[in-house]
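Got a structure for you, written out below as structure tokens; questions coming shortly.
Per-chain residue numbering starts at 1, and chain names A, B, C, D, E and F are given in the order in which the chains are listed.
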Amino acid sequence: MKTSLRKNGIFLGIFTALLLAIPGIALGAEPSVESNAVAIDTIWTLIAGFLVFFMQAGFAMVEAGFTRAKNAGNIIMKNLMDFSIGSLIYWLFGFAIMFGVDQAGLFGTTGFGMSDTFEHLGLSIPLPAFLLFQTVFAATAATIVSGAMAERTKFMSYIVYSFVISAVIYPVVGHWIWGGGWLMERGMIDFAGSTVVHSVGGWAALIGALLIGPRVGKYSKDGKSHAIPGHNITLGALGVFILWFGWFGFNPGSTLSGTNPDIGKIALNTNLAAAAGATVTMIFTWIKYKKPDVSLTLNGALAGLVAITAGCLAVDPLGAAIIGSFSGILIVLSVEFIDQFLKIDDPVGAISVHGVCGSFGTIMVGFFAVDGGLVYGGGTALLITQIIGVASVFAWTAVTSLILFGIIKATLGLRVTEEEEIRGLDIGEHGMEAYSGFEMKAPSINI
Amino acid sequence: MKKIECIVRPQKLETIQTSIRRLGIRGMTLTNVLGCGLQKGRTEVYRGYTLTNNFFLRTKIEIVVTDDMVNQIVEVISKESYTGEIGDGKVFISNVENALRILSGDSGKYAI
Amino acid sequence: MKTSLRKNGIFLGIFTALLLAIPGIALGAEPSVESNAVAIDTIWTLIAGFLVFFMQAGFAMVEAGFTRAKNAGNIIMKNLMDFSIGSLIYWLFGFAIMFGVDQAGLFGTTGFGMSDTFEHLGLSIPLPAFLLFQTVFAATAATIVSGAMAERTKFMSYIVYSFVISAVIYPVVGHWIWGGGWLMERGMIDFAGSTVVHSVGGWAALIGALLIGPRVGKYSKDGKSHAIPGHNITLGALGVFILWFGWFGFNPGSTLSGTNPDIGKIALNTNLAAAAGATVTMIFTWIKYKKPDVSLTLNGALAGLVAITAGCLAVDPLGAAIIGSFSGILIVLSVEFIDQFLKIDDPVGAISVHGVCGSFGTIMVGFFAVDGGLVYGGGTALLITQIIGVASVFAWTAVTSLILFGIIKATLGLRVTEEEEIRGLDIGEHGMEAYSGFEMKAPSINI
Amino acid sequence: MKTSLRKNGIFLGIFTALLLAIPGIALGAEPSVESNAVAIDTIWTLIAGFLVFFMQAGFAMVEAGFTRAKNAGNIIMKNLMDFSIGSLIYWLFGFAIMFGVDQAGLFGTTGFGMSDTFEHLGLSIPLPAFLLFQTVFAATAATIVSGAMAERTKFMSYIVYSFVISAVIYPVVGHWIWGGGWLMERGMIDFAGSTVVHSVGGWAALIGALLIGPRVGKYSKDGKSHAIPGHNITLGALGVFILWFGWFGFNPGSTLSGTNPDIGKIALNTNLAAAAGATVTMIFTWIKYKKPDVSLTLNGALAGLVAITAGCLAVDPLGAAIIGSFSGILIVLSVEFIDQFLKIDDPVGAISVHGVCGSFGTIMVGFFAVDGGLVYGGGTALLITQIIGVASVFAWTAVTSLILFGIIKATLGLRVTEEEEIRGLDIGEHGMEAYSGFEMKAPSINI
Amino acid sequence: MKKIECIVRPQKLETIQTSIRRLGIRGMTLTNVLGCGLQKGRTEVYRGYTLTNNFFLRTKIEIVVTDDMVNQIVEVISKESYTGEIGDGKVFISNVENALRILSGDSGKYAI
Amino acid sequence: MKKIECIVRPQKLETIQTSIRRLGIRGMTLTNVLGCGLQKGRTEVYRGYTLTNNFFLRTKIEIVVTDDMVNQIVEVISKESYTGEIGDGKVFISNVENALRILSGDSGKYAI
């Protein structure tokens, strides 16, 4: 059969692949040490990207599980759409802003609609692999906001928001720190995006949640904050496990290189920070509230993951465990502060997890970076750079989000009607129920 | 003794409960029900076809009280449940012949 | 310790592995550029195969979530068993039919029970890795049918069906297009199996659903179609995310080669088509039905994935986005047409997603293949080949499925009793309930 | 931009990675055939480790799904915490016991707190990658117990138990068989840990379940055993699919080497054993109980997976299918025996799946190892070694668990109060409900 | 006023509801219940042991009507619920002393 | 005929049911309810703030019987439900005017 195949010159479908797989046939080129190294880097980047994609499922489950059943379909839909729309717009627009040829250290200017080879990046892996990897990162930033604004945001307004964050807000920050911009030039370390990805999502979430206001019933007239428990903690926990799993793509994959011997260390650091975050939150809530709090402990694992993202390459395992541990305490205090003091209603704790712990973790690199960190005798230079980076990203994201959500609020409106909110957004926005067949407690009582 | 049975909007439950407690009544039993009345059903679109649902989630509150408390309680419930929109619900009153508190063995009005 | 190990000549367990991992010890052979290239291809194929395996979980969640709670255990069981039985029978029988030495372009004839080395395939990766990869593909085709025939099929009959599709129906098509058969010779392009895998599953689903008839209560006497909402949209959505994740193994993995630089492009195309499918379905249902439909949008993402599967290597990203977009509209029209016009009851939309969009995507390659597609000036040759391929696969699958389901219907019976259907197949077929502990609405009302 | 980067000598963030990815820049070293082989082994080990990590989600879903809703949050929390605490303690302590320099064949003695390079292991892959891989294995052993002791164990006591198994009980066995200890010297084959991981978990579960006693209502006064159905079989099934998926990391990954051509065979064997286990259990329960039992069939798949773990490299595919098939029967008999004869209450069947089938699978290697197995004319030497190994691990684990649980019982207490058990551990231990919003059947009735 | 309380098979609900509406009655309240009666329980096998479940999912329909409507409604319900198989259900009639429509404040027969 | 309505702890259901069956009564209807009474609510801590829940899951058992059986049944129920702890529940007795067995068309005491 092989002979006949060759005779006919037909090299199509899976069989082509088979043949390509034989070294010496593939693209007429012999494999070489260099081509193998590129292949290793490519499959590593792609597989890591796939894992990061899967984090979308994790976010969807966490956000749905931690909110009420009557809004579950809406949350799912938001998660699906911010990824889908984000993928398209980032491909056509955002990627060029982030990785196009630099303009004054502020943003990229070339390669819109992929009309460029992006040779200036000096990538060894194929451009589409790099683009895919960057796309799933961009979508992560976008999806963070849906949790904080859950259970009351108009679907249309959310779509508009998603579009803008993936097209502009995120790519600009990405350019500053990863794409050759001014913070990169200054030497800021944000290896896999505590600031670039998580704090951008977190701060946008802060502004969004502030502008949209709390859910009906969240604060009584006297300002007392009420708990609105999530409807499916099992699913929420599954989401956390999926996110943790995906983070093994997020951090070690950010080397873009499987031939980089540091990937083992990055994976180990990531795991230790998450483990420390969860453990410390459990202990801290146990002491503080008398019982180990399940949902905060789940947040604690995520807090550790977000915090180590910046420094996963720069710190050593002990540093990772310390950063994770601090985050495990910080997350609890931050959730309480935002909820009870600032009175901003963030149903899933997204602002604290991504905004606060993301920024915190980035600054911690200034302390714990083995090379340049304060604790290791590296002085304050790096620390200052980190703080400048965190602050500028906060400023940029807060201002642009304020404008964005402000315009949406003034035009489309941010919020569904109170009636719709009480009945649930699933019915109101999508005409369906997520759990048909189950007897539900009536929407909006939580006894 | 009378049984007061009322069908109300679930979101009113908390205020109703608080107000009733103020009258010194602590015992009550809640049931999740589906109610259908004058309120027009909503139409949902699922995978392209419409389905009309005439039933709404409501909460049934049952309170057994001595005869003299009935009016007071009904008044409180009506007040707290009122929104002015169709679907505000109904109250039904019926007779209960006897009651028994299992723990103490008390019966009649001592049981409630 | 190492010394003592060597002294004793004991090289077992994990430690062997450790030692094997040291280049120069493994199998007594030095690693070479060629052996490294083979290793890269092998791990790529295996990891991709693992991702495709995981799609079984995705199918199980989508099918269970989109149907009623009273049948959830039964659906789970069907998904588990079609994979399990399929794995065994494909190993012993189907693989030989698909990849054995060709007989007249129609089927393979050698290697039953793995009694062959399959050298004629010219594989560089080890045969077991290839077999595993093919097994998970075969199981995907089988599992598609369970969704369309859900909530009414006898378990025993489903087992028989699974057996036959994995042993014969699918492998024959696989041979035609991938195993050296006549369509491969003609140059048909179905890179990862829009036709081979998905349309085979979809068309078998069509015949199955047709022969078994609609669920009780689906159509009223006047022929009006009624909605029977799924019981767990959150879980269904999780299933879609899992499938999308698995598709990154399905398509890029079909190169069977991690050294093939096209894997990045394939992954990117796959993602763009899915994103475009979901986005367009959302917009289209929003316009058509006034509200963005959650469950159809989830189907839309799958429609884009199925459609791009054939052409993920041959088209460019723009082509991928276009194919995905078209599928996003097609899926809605097709679901409506099959449900309301043909009056075939397909609870999860499997016929439309896999059969219709699979065939559609395969034909689209004739238009959008960069090399040979009509749009790129390649003439109609490829398009005609694609259409012939799609049509022949339809004919083969429809006829064999008709015979298969016809015989089952006449002997075992396809359908459970009406009483059992109303009560739910979980109780009837398996004596259990999936959600013990939850208050359920009584089976068969959906108010 | 690249130039300016070099000029400034700034090699940070993702961009460093980009540059590192270019062969010839990474760490100043040219890639070589050897460095590529190491990279392949490293990414293989890491990705496999990630998959094994994801098994934690599988365990959490299986255990939560197979028990009652009122304890779901508690189970989730246990799974999260045994992994988190286990990761920390294994890093600081357990790893040294397992892989430190050998002491009399019994345990390791060096490298506590990672204060060693572990050069005596002769690892080619970076130590952190190896440590991560071993950590996720250790956590698997720990997590098995939570299922068997579910729905009645004090959270604090479970935390203490987790700590000890990850620090001492598991690492000692690991040392014996994988770390250079006496069983390794004897030539015992337990490739990926049927005995090391699964039977350790299973036997600890046996002792734990024995000491804690059955759940309220499980056995009536006359000794009759009652069913307590799980609350979410769909989620349980998802867990099984996740575990199966993760097992493709567990077994093939245990080569620690992607350049090892056996990884394909191992993956195939793993899949066939699981498929055979599920299929045979389905048939066996169908005959025995008149209906194919869903939850036992799910256990059957796991039984096949556990059993093949020891011999996945040593046996051929036929041997794998046979071992899987036997396990499919054994699991049913074992569940019945433990439940109805021993009257030990194991809610999820963990003792049977992990303890019984793990030991069984290890012994089967003595029969079916192609090289040295009885069936292949290899005599009884290997078989005897395997039996000695299984027996010693049972003895060690049973005795240490007895001491551990005995001490916990005498001090902290193992069990929650009866009142708390009836109300559910979610409220009692954590002050929350997992399914707020759903109407639940009252805790502790199962009508 | 009387309360008609009937326990029926859930799958009959839709036709019952339609037929009752035809009599001009729109108000009713549904509750999900578990019923046990003469119908023999089913035996399930789970993980190898049998459990007998004597309870069946049923729907309770409560309708409060003026005395003159009672017979008509009971007749319709009996007709629509009848299958001829054991388990068809029961109807109970009891007295209601008063009713109140919260929205309008109407009481007595004007309330229903 | 009388309707005996009792609110009991769910975990007592099985023994109650068995004991009632021994009296020859097979028909009964169960509803899942939330009850609130003298029993003090429990306080839960979720994400750091406390919420007090005054409602407990209870099961309502409804049994319609001829007048002569009432005392016997109430006695059995009280006995089986008794734990001595607050929250043991209550029994209410009210009058039922008529009953109908749909299957046979029997009414009155023949229907139950």
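By definition in this document, a residue touches a chain if its C-beta (ideal position, glycine included) is under 8 Å from a C-beta of that chain, and two chains touch if they have at least 3 such contacts.
What you see is a predicted model, and the numbers here were worked out from it, not measured in a lab.
Colleague: Report same or different for the chain B and chain F interface, where same means the shared residue numbers exceed half of all residue numbers found there.
Modeller: Both copies touch with mostly different residues.
Colleague: Averaging over Cα atoms per chain, report the distance between chain A and chain F in Å.
Modeller: 52
Colleague: Distance from the CA centroid of chain C to that of chain D, rounded to the nearest Å?
Modeller: About 30 Å, centre to centre.
Colleague: Compute the distance, rounded to whole Å, between the mean C-alpha positions of chain C and chain E.
Modeller: 46
Colleague: Where in chain A do residues touch two or more other chains at once?
Modeller: Touching at least two other chains: 33, 36, 38, 40, 43, 47, 125, 229, 232, 235, 238, 289, 291, 293, 295, 431-432, 435, 438-441, 447.
Colleague: On chain B, where are the residues touching two or more other chains?
Modeller: Residues 30-32, 34, 45-46, 54-55, 58, 94-95.
Colleague: Chain adjacency by touch: line, ring, star, complete or other shape?
Modeller: other
Colleague: Could you list each pair of chains that touch, in label order?
Modeller: All chain pairs meeting the touch criterion are A-B, A-C, A-D, A-F, B-C, B-E, B-F, C-D, C-E, D-E, D-F, E-F.
Colleague: Under the touch definition given earlier, write down the residues of chain D that touch chain C in their complex.
Modeller: On the chain D side, the touching residues are 33-34, 36-38, 40-41, 43-44, 47, 51, 68-70, 101-102, 120-125, 177-178, 180, 184-185, 187-192, 229-235, 237-238, 240-242, 244-245, 248-249, 252, 254-265, 267-268, 271-272, 274-276, 278-279, 282, 289, 291-295, 297-298, 301, 317, 321, 435, 438-441, 446.
Colleague: Which residues of chain F touch chain E in the complex?
Modeller: Interface residues on the chain F side: 3, 17, 26-32, 64, 94-103, 105, 111-112.
Colleague: Mind listing the chain A positions that touch chain F in their complex?
Modeller: Result: residues 225-227, 229, 285, 288-291, 293, 295-296, 332, 335-336, 339-340, 349, 447 of chain A touch chain F.
Colleague: Report the residues of chain C in contact with chain D in the complex, numbered from low to high.
Modeller: Those in contact with chain D are residues 1-2, 4-5, 8, 10, 12-15, 17-24, 26-27, 30-33, 35-36, 38-40, 42-43, 46-47, 49-50, 53-54, 56-57, 60-61, 64-65, 72-74, 76-77, 79-81, 83-85, 87-88, 91, 114, 125-132, 135, 155, 232, 235, 238, 426, 429-439.
Colleague: For a test of understanding, state which residues of chain A touch chain B in their complex under the given definition.
Modeller: Going by the criterion above, the answer is residues 422, 427, 431-432, 439-445, 447.
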